[in-house]
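Every chain is named by a letter (A, B, C and D) in the order it is written, and numbering of its residues begins at 1.
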Amino acid sequence: MMEKIKAIKIKKEMKVSELVDEMKEAGFGARKMGKAVEIMKEMFSDEECKVFLGVAGAMVAAGMKEIIIDIIKEEKINVFVTTGANLTHDLIEALGESHYHCDYWDDKDFHAKEFDRMYNVFMKNQVYEKIEEFFEKNWEKFQNSKNITGFLKKIGELLPRGNNSILRICYEKKIPIFCPGISDSGIGLMVWGRLASGKNISIDVFDDMKEIIDIAWGSKKNGVIYVGGGFPKNFIQQSLQFSKGADYGIQITTDRPESGGSSGAPLEEGISWGKMKKDAKHIDIFCDATIALPLLFASIKN
Amino acid sequence: MMEKIKAIKIKKEMKVSELVDEMKEAGFGARKMGKAVEIMKEMFSDEECKVFLGVAGAMVAAGMKEIIIDIIKEEKINVFVTTGANLTHDLIEALGESHYHCDYWDDKDFHAKEFDRMYNVFMKNQVYEKIEEFFEKNWEKFQNSKNITGFLKKIGELLPRGNNSILRICYEKKIPIFCPGISDSGIGLMVWGRLASGKNISIDVFDDMKEIIDIAWGSKKNGVIYVGGGFPKNFIQQSLQFSKGADYGIQITTDRPESGGSSGAPLEEGISWGKMKKDAKHIDIFCDATIALPLLFASIKN
Amino acid sequence: MMEKIKAIKIKKEMKVSELVDEMKEAGFGARKMGKAVEIMKEMFSDEECKVFLGVAGAMVAAGMKEIIIDIIKEEKINVFVTTGANLTHDLIEALGESHYHCDYWDDKDFHAKEFDRMYNVFMKNQVYEKIEEFFEKNWEKFQNSKNITGFLKKIGELLPRGNNSILRICYEKKIPIFCPGISDSGIGLMVWGRLASGKNISIDVFDDMKEIIDIAWGSKKNGVIYVGGGFPKNFIQQSLQFSKGADYGIQITTDRPESGGSSGAPLEEGISWGKMKKDAKHIDIFCDATIALPLLFASIKN
Amino acid sequence: MMEKIKAIKIKKEMKVSELVDEMKEAGFGARKMGKAVEIMKEMFSDEECKVFLGVAGAMVAAGMKEIIIDIIKEEKINVFVTTGANLTHDLIEALGESHYHCDYWDDKDFHAKEFDRMYNVFMKNQVYEKIEEFFEKNWEKFQNSKNITGFLKKIGELLPRGNNSILRICYEKKIPIFCPGISDSGIGLMVWGRLASGKNISIDVFDDMKEIIDIAWGSKKNGVIYVGGGFPKNFIQQSLQFSKGADYGIQITTDRPESGGSSGAPLEEGISWGKMKKDAKHIDIFCDATIALPLLFASIKN
């Protein structure tokens, strides 16, 4: 079967879904974007499929929060794995602070102004005060949190009803958040501050694994969406490795495969490990996630 | 002036222009996409500005032809610089042949089938026959073409009225096409075939420069759009270097700056050379052009 | 001060140190490699400086183990932060198993053969049995390990004297290993196996932070070497952020800055956060670490 | 055949050739560097093989000139294809001017100082005066140059005996230089200057193709070395496409394959086109060429 490339024809007032439909008939990255929407629709509508979403990179600071929240509210995913950084940025906004643009920058000047930069985004260093205060005030309430997922669930529970944050919405929707590297984040630093002042807490690092592997085992099919690699991708992959590989996969990354890291590895590589099934429907998108994510979700929004 | 990041909110039936508007309020690449639309609108509506479009990479084979044709038809650009490959693919389609998708491939198998692959796109090797026939039939008509621009204009003239190709539309719209490396292409190969059989033609390699530099000199302002670097970018840049630098600039490339090539160099670097004015409005987009181009043009289409 | 580029002159039987000396007088990446050696020599010879080495990417599987071991044996670093994957690959080799080359691959075929691929390297899936056996046999001995560093130190202690592994050599040399994401690894999976069978262990996820931040606080100067980004880089950076920024920095990564992740962020960005001092000597190298690391260490070996 | 990864062991005073030998037993990019040396040795010692070297990127400005000159002097290659930029930088140095380092830069400041920047390398804008003078003085001598190769050979002939430049050494060694895009360069600009002042010259753009294709046809075997893609790679490839594909291939590039350009395309893709033989020995190296080239040539220097 040989399908001809059809050149993309731009129309006035074109909808995103129409544009991505046209992309599927073109080549290179456009083609893959179109295929990704096709796979995503099938993954989300397959009722036997549990969906694992892994998000690395400072996606919340960069304005991807509402997309993630909508995915969770619409119950499109069953498991959310992300970095401590994303959860910290989410908590920062949950507590009333903001992130900012910067099209030009001077890091020495930013340091003097106490602005912490992430490429063309920054936050004020004072945001840490709000997080510190949050943990100081609520410290005792974390005494019953025994693992990382439980600790994160407690944060969501402590935020007020209606708070527009990933942490709160996951709590309300009962979506577990996994974050093996939670200590590697602003949240981690603020917990360290309490520990340094003599307070205690006991959060086990391995305990969560049972829960995520059980979900992978218990489902009939699994689907994965990896935004940006890192340990969110790896943690989901290893949960699938010894249970059952994914049936659907979408990966968005700008990392290279040649340097051998997990973040840049194509999904296909996961087949060798059993992290992905041999006949899985899968696609790798090479694109900045702040461009690809909005395109994909605007295409499937209904 | 500190502007807050506003998280992108996906709406049902969202238009591309609405999405890219939202992207401008987000961070990382999304922000840049939004800024690029802003700059592009200003560049296209500035009546004192001549626009130079440089396109490298196999954009025609990958389905970007209609976008380029629309830009030319709508008289948004004044100069078009591209690779011999793009013109060859355009001529291939002008003569009735096609390009095809391939999501999977085996290059040895493709060789046996006589399929020529460009990442996830291919064409049949037999397309060269049509080009060969075209030059064989029309050879005498190229005797008066004295430079590359003239040679390419002649191809456009020889294609039938209404032929939906870049070569034809540029001819009709009187947009000069520059292609310093024309011999480095399928068109070059087919010309070589005639020369090898004893025919003659005389196309000067330096003569075109006068025309493009005159356009740059003669305008009040200049704007540049670089898709994918290569010599299309460099040839436009050097035309501006000793005349007057660009006032507006948009660059789409996935090449790295660190390895020192022109294709990956940020537009900012051009300021040192005088290829871009000190206070030019400019933006570099790091994105596969088959994703970025449709997004940008769907955003400004009216 | 304007220094001329001096073209690199290759000599017969040239030593690596001579070549990298010449590179310093050239441009692009060569220049940076030369500068990195200069900074590394200064960092290692500064007796007031504590050195933090962060290693992401499957560097052990790819044959970088002996270099890391030599750095530790020669007491060039004070803190080692790495991924669970690297520690798993180290333990695999410590227990007598191996990694292999593959210049060509077919992931479905590899799956059938039970080969787990990492780009052009693979291991047999059966290596997990050895790790499982190791934890099964030694389980009780981990009951006193209260944090991740302690857990990893215990693994090193349990390996026989003279075992040529990073885990053992760090134990012998009293170099703490930090690995916030330890559960995200083959070691994590084998611990999960024991937990799933009803066994217990209690390793706190936040407790380590005190130790690494104390080291950063207690030193007069700090130096950082980041191989490949990920949480090893981020965890070191946040330890410096609220104590004292680094005076020296070397980063080797092939990730892009534009997509906003920590792995691709230039060291310069760390100045805004206070993770790096304003006048720190620092260099970013854009190169596959399996090429850059051997070049750098062969240049300083004495 | 399963070969174990052997970790690289750094030795005191290690030679580059010894290090690269060890790299061959490691993984990721190190492995490829080792393989490239193996293929290069075989290519250079195969007496039936003609070698085509294509060099894009500002390699001369960045200090790679002596390596290229040595390759030519040692008669390791038969055809040299490069960009007008490289030939311009070579002519600049041939006429007594220099290139310079810059570890930090400010493009607006550089513009004020008339420094033209290429990443961390720059030249003074006044270098153009020397080239202008050269062409002004020698203009009449180019009247007999009928194609680009002839034009470039004439430049080499006009440089004094013993001048340490690629242009001169190629002339002395009778190595043809091909540069389809010669007008896209500083040399092009200086020729334009003469044309603009009413002088004449007539250099045919297609005529060279006969010569390079004849070389490819006439050889028993062909080998290719591509530094950085661009039209040097493409022009060599198309010369092989309709004659006989390459038997050996080495490519050094940091461009991505996904965006579909020729520069980032793996050598394997060339098999579909017939540009590379099905059983060719070939390797793609993902590395800054200013690091890879010195490593490779120091490894084979004898």
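One rule holds for everything that comes next: contacts are C-beta pairs under 8 Å (C-beta built on N, C-alpha and C of every residue); 3 or more make two chains touch, one makes a residue touch a chain.
None of the values given here were measured: they were computed from a predicted structure.
Most remote chain with respect to subunit A, judged by CA-atom centres, is D. Because subunit C and subunit D share one sequence, their contact can be compared position by position; here over half of the interface residue numbers appear on both sides. Inter-chain centre distance (subunit A to subunit C, centres taken as mean C-alpha positions): 25 Å. One inter-chain figure worth recording: subunit A and subunit B are separated by 35 Å, centre to centre, where each centre is the mean of the chain's CA atoms. Each of residues 27-29, 58, 61-62, 118-121, 254, 256, 258-260, 286, 288-290 in subunit D touches at least two other chains. Listed in rising order, the residues of subunit D touching subunit B in the complex are 56-58, 61-62, 83, 85, 105, 107-108, 110-111, 115-122, 125, 148, 180-186, 188-189, 191-192, 195-196, 201-210, 213, 228, 230-231, 234-235, 238, 241-242, 254-265, 268-274, 278, 288-290. Across the complex, subunit D is touched by residues 2-17, 19, 22-23, 25-33, 35, 58, 61-67, 70, 98-101, 103, 118-121, 254, 286-292, 294-295, 297-298, 301-302 of subunit C. Chain contact summary for the complex, subunit C toward subunit B: residues 27-29, 256, 258-260, 286.
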